[in-house]
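Chains: A, B, C and D, in written order; residue numbering restarts at 1 for each.
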Amino acid sequence: MNSSPVVARAPQQRSDPVSDLSAPDDLRTEELLITLIARLLEGCRLVSCGASSPIPGGGCLLARQQSGGAMQVNVLGSRVNNLMTNGGVELFDWAAQGRLDAFFLGGGQIDGQANINLVGVGDYPQAKIRWPGSFGSAYLYYLVPRVILFREEHTRRVFVEKVDFVSTPGTSDPEVYRTGGPHALVSPLCQMGFDKDRKKFHLVSVHPGHTVEEVLDNTGFEIDVPDQVPETVLPDRATLDIIRQQISLEIAETYPRFAAKVFPDAMNAA
Amino acid sequence: MNSSPVVARAPQQRSDPVSDLSAPDDLRTEELLITLIARLLEGCRLVSCGASSPIPGGGCLLARQQSGGAMQVNVLGSRVNNLMTNGGVELFDWAAQGRLDAFFLGGGQIDGQANINLVGVGDYPQAKIRWPGSFGSAYLYYLVPRVILFREEHTRRVFVEKVDFVSTPGTSDPEVYRTGGPHALVSPLCQMGFDKDRKKFHLVSVHPGHTVEEVLDNTGFEIDVPDQVPETVLPDRATLDIIRQQISLEIAETYPRFAAKVFPDAMNAA
Amino acid sequence: MTGLVHDSVDSLAALIPDGAKVAIPADYTGIAMGLTRAMIRRGVRDLYLVCLPTCGLQGDMLIGAGAVKTIETSAVTLGEFGGAPRFQAAVGDGSLTIKDATCPAIHAGIQAGQKGIPYMPLRGMIGSDVLASRDDWKVMQNPFSDGEDPIVLLPAIKPDFALIHAKKADRHGNIYIGLRREVMALAGASRQTLVTVEEIVDGNLLRDDATATGTLPALYVGGVAEAKQGAWPLAFWEEYATDEAHMTSYVAAARSPEGFKAYLDEFVTGGGARAAAAE
Amino acid sequence: MTGLVHDSVDSLAALIPDGAKVAIPADYTGIAMGLTRAMIRRGVRDLYLVCLPTCGLQGDMLIGAGAVKTIETSAVTLGEFGGAPRFQAAVGDGSLTIKDATCPAIHAGIQAGQKGIPYMPLRGMIGSDVLASRDDWKVMQNPFSDGEDPIVLLPAIKPDFALIHAKKADRHGNIYIGLRREVMALAGASRQTLVTVEEIVDGNLLRDDATATGTLPALYVGGVAEAKQGAWPLAFWEEYATDEAHMTSYVAAARSPEGFKAYLDEFVTGGGARAAAAE
């Protein structure tokens, strides 16, 4: 199923995506983020999202739809899109086997060296603010080639100069076995890439309606900014239709509240 | 089910078991060996026999019957008496967990220090005679408290002074982690025990119809022989009835050829 | 096995002594909440709680009730209901010892327990503060590598008890765990597994291939009790959903020690109608 | 996954290059004998054969056909039909390199492969000639022990291919393995798993809980082909029994190289009616 039954894909429309949108507020941020994530997953054979990840989940499902059957997607918490039959450890075994091509990590704090903190603010262990914990980050970040950093909040509170606790480091010394790491950072403002040799993020594109200055103002660490920063390419009409008419229903199985909020029309129709 | 529905158990008959047998040839060697093995398993919570082990399997099933529900039995190759739902490794995991109380090992050669050879005769690896291989012996012998050595052939070819290849050693140096080892040796001639400090077998009893001299003549290693060697206590009538009427059918599921040979009456009746 | 079936969750809870090392699974596996309430009723103390690999309401309630001395976990969270309030408070005031981990490290420790090996090597973790905070983990050179190749070694985790909720058990003590295969490792590593089930059924789950494939054999089980809706207020497999209203009220109550105590009075220890109805 | 279903076992066999490291399970797991005959027809050479943890007819035939350079196994046996004649002959004349092991050591090596860790420690083996004969295994002090405590370290086994026969597959490439859980480890450790099945079915085995619990997901699978009676002449699960007459005739034939060659001509390579009928 490489095309939607409703509207055929029309790649040539990509060059002028905005013209496909009937109105500026037609595109929701969640839909844009799902689109960006799907693009970052292109060429993957097996991807998984973690718990509490509706937007990454949507991105995975869209990427699968666009892969023409070449990509397999595991949505943690889904029954329909579950590929795990060997218990909770299987996801981690995939990673070490080299089978898991992409995963997603968030973080209470992410710093300029792509270090991630999921544990808390203040002195460890008696943190001032204590978050749930590191989950699988201190492992998957090392072993999954494309780890996509994703937060729905782009502020200096999240993107800090230096994390208070390194749940998992962005880079490692050469003697450390590491086949994976940060591949991109996606936020409601922009998309960044990461240069592991320079240990530094760089701006890839800024979403329409936002500016480089806004990104820099809200980022607590230094990033490389090219002379020309492209505007993020929006999803074309066909992609948006697929998201709304198909991915919306698929993600609703695991995230009904999210789907009801973001895709009220699709949910009401279903 | 601590008693047979056909004949109630009568422990007091044990003191004079032979009188319960209608004729000397009424008791088959296989039945005696099953009885001996079951006695050696008394008090175990979980036991298993290995592949190609009809007599140990019968002994396990009899021991379970006599345990009144306290013993669980895994018969490798059986569907009805299978307790493994985690693949072939589970038996070995039980052993290391300390859950497996007894197991059985044979051997092309067994020597006076209870070393076992399942690999071959002559120089390794180009053996003159090559047997299948060591199976799980080089592990289970270390971890299962009651390993019962069992062979249906009692000759100097089997019971040698020194094995040609140590598939698994009878004893280990004190620094080696070892919670298990040889508990008894059962053959068609006799039952032996093993003293791990002296690294030596001793005669426990000789089966009726056989002599200490016969045992020594057919054993290639030196054994300790007490002044008085008891005659092996035969199964009482009730036990024999259970073996013939119940255990025979249970073991036939996995070993139909064995059952047909040893329990033709029960098989014909079933 | 005979004698594994208990009449009540309180009878199961009585098996767990103070100071026990108790392993609990993540919410998706099936959480024995009824048994957890019974443990709080009995007043169990000083538990070493191992979460495979995370926990939620179960851990928060045990911590709030003062039952936990040490917790080893990769996360404590109430998911979409937010952070775990009693956990956060206990970490903040230093009354709880926390051993932060990462999910696959706890899986590996439990698998080492299951395999009866003293430790298991695992990739990742090097350079993280998770590793830096764990003086019970070691980093050693991989002896099979020619070059420099450090790897983390995780000691086996061997709990006294694993606590799970499952769909059904037979009277022999065999437990249907279905797709929740992590229970096999948890049970293998633990001295015994205490289980609550939605239903106790006739027959033998091991005899039928269709059920045997998803069955934890009784040989791992220390006791089982029927507890209908035994994961309430949490979701259980595809069987029932989270009681969202209850969870919301829990989160509100558990923000303060007083609110949490009132919650326990009402739903766990009070002996009132609602506490009784909970089991 | 699309495109995993092949038309024939010969098409599957074509995926296996000379020199591949190929893992095969013990007879109780389900042996892809049809695929094995196709491999012999194609003339595969220099295989490194890993048996989890033992093998029988499959290994003996591959060895007899000259397809195996090295075998790593805990045993090769035809069970109640006796020793494996071509294996014994190849060991005796030195044409086969044998790496003798013990069952749980091969399981541990495969599990290390499955977990993507470089090695796994395991108890036992110390003082045995099995260990003494393996220069690829190491003995190291347990770093978590205060006293002297040597333990064997087994390197991960990572086969290129695992070959199994199973009951059914769906068209997505999901495989029903039921109680044969060792397949999960074997498939996880191997780059890809090639599967023959009694039947290819409609639908998706992962969608229904009753089948999902015993299903190897397609993500491990490199190819699947229908092969009815695909384990013949071996028994397969509870589905069918060993062809005892055939096994007896095999053992008689395989005692000599000439007899074995005549057997291959008749049942595998000859292209005659009986060879064709075998697939």
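Note that in this section a contact is a pair of C-beta atoms (placed from the backbone, for glycine too) under 8 Å apart; a residue touches a chain by one contact, two chains touch by 3 or more.
The model shown is predicted, which means the values in this text are computed figures rather than measured ones.
Trainee: Check every other chain and keep only those touching both chain B and chain C; list them.
Mentor: D
Trainee: If we define chain centres by averaging CA atoms, which chain lands farthest from chain C? Would you check?
Mentor: B
Trainee: For chain C versus chain D, what separation do you get between their C-alpha means, in angstrom?
Mentor: 37
Trainee: Would you kindly tell me how far, in whole Å, the mean C-alpha position of chain D lies from that of chain B?
Mentor: The separation of the two C-alpha centroids amounts to 30 Å.
Trainee: Please report how many Å separate the Cα centroid of chain A from that of chain D, as a whole number.
Mentor: Once rounded, the distance between the two centres reads 40 Å.
Trainee: Multi-chain contacts only, two chains or more: what residues does chain D have there?
Mentor: 111, 115-117, 122-123, 149, 151, 179, 184, 212-214, 238, in rising order.
Trainee: Specify, in ascending order, the residues of chain A that touch 2 or more different other chains.
Mentor: Only 82, 84-86, 96, 143 qualify.
Trainee: Could you run through all the chain pairs that touch each other?
Mentor: Every pair of chains in contact is listed here: A-C, A-D, B-C, B-D, C-D.
Trainee: Would you pull the chain A residues touching chain D in the complex into a rising list?
Mentor: 45-46, 68-70, 72, 80, 82-86, 93-99, 143
Trainee: With touch defined as at the start, can you tell me which chain D residues reach chain C in the complex?
Mentor: Touch list, chain D to chain C: 108, 111, 115-123, 138, 140, 142-145, 149, 151, 153, 155, 178-179, 209-210, 212-214, 238.
Trainee: Where on chain C does chain A make contact in their complex?
Mentor: Per the touch definition, chain C meets chain A at residues 25-26, 28-29, 52-54, 73-77, 79-80, 83-84, 87-88, 91-94, 98, 100-105, 107, 111, 122-131, 133, 147-151, 179-185, 238.
Trainee: Would you tell me which residues of chain A are touching chain C in their complex?
Mentor: Against chain C, chain A makes touches at 51-52, 77, 79, 82, 84-90, 92, 96, 118-120, 124-128, 130-143, 165-169, 172-173, 175-177, 257.
Trainee: Give every residue of chain C touching chain B within the complex, in rising order.
Mentor: 1-2, 114-117, 184, 188-189, 206-207, 212-220
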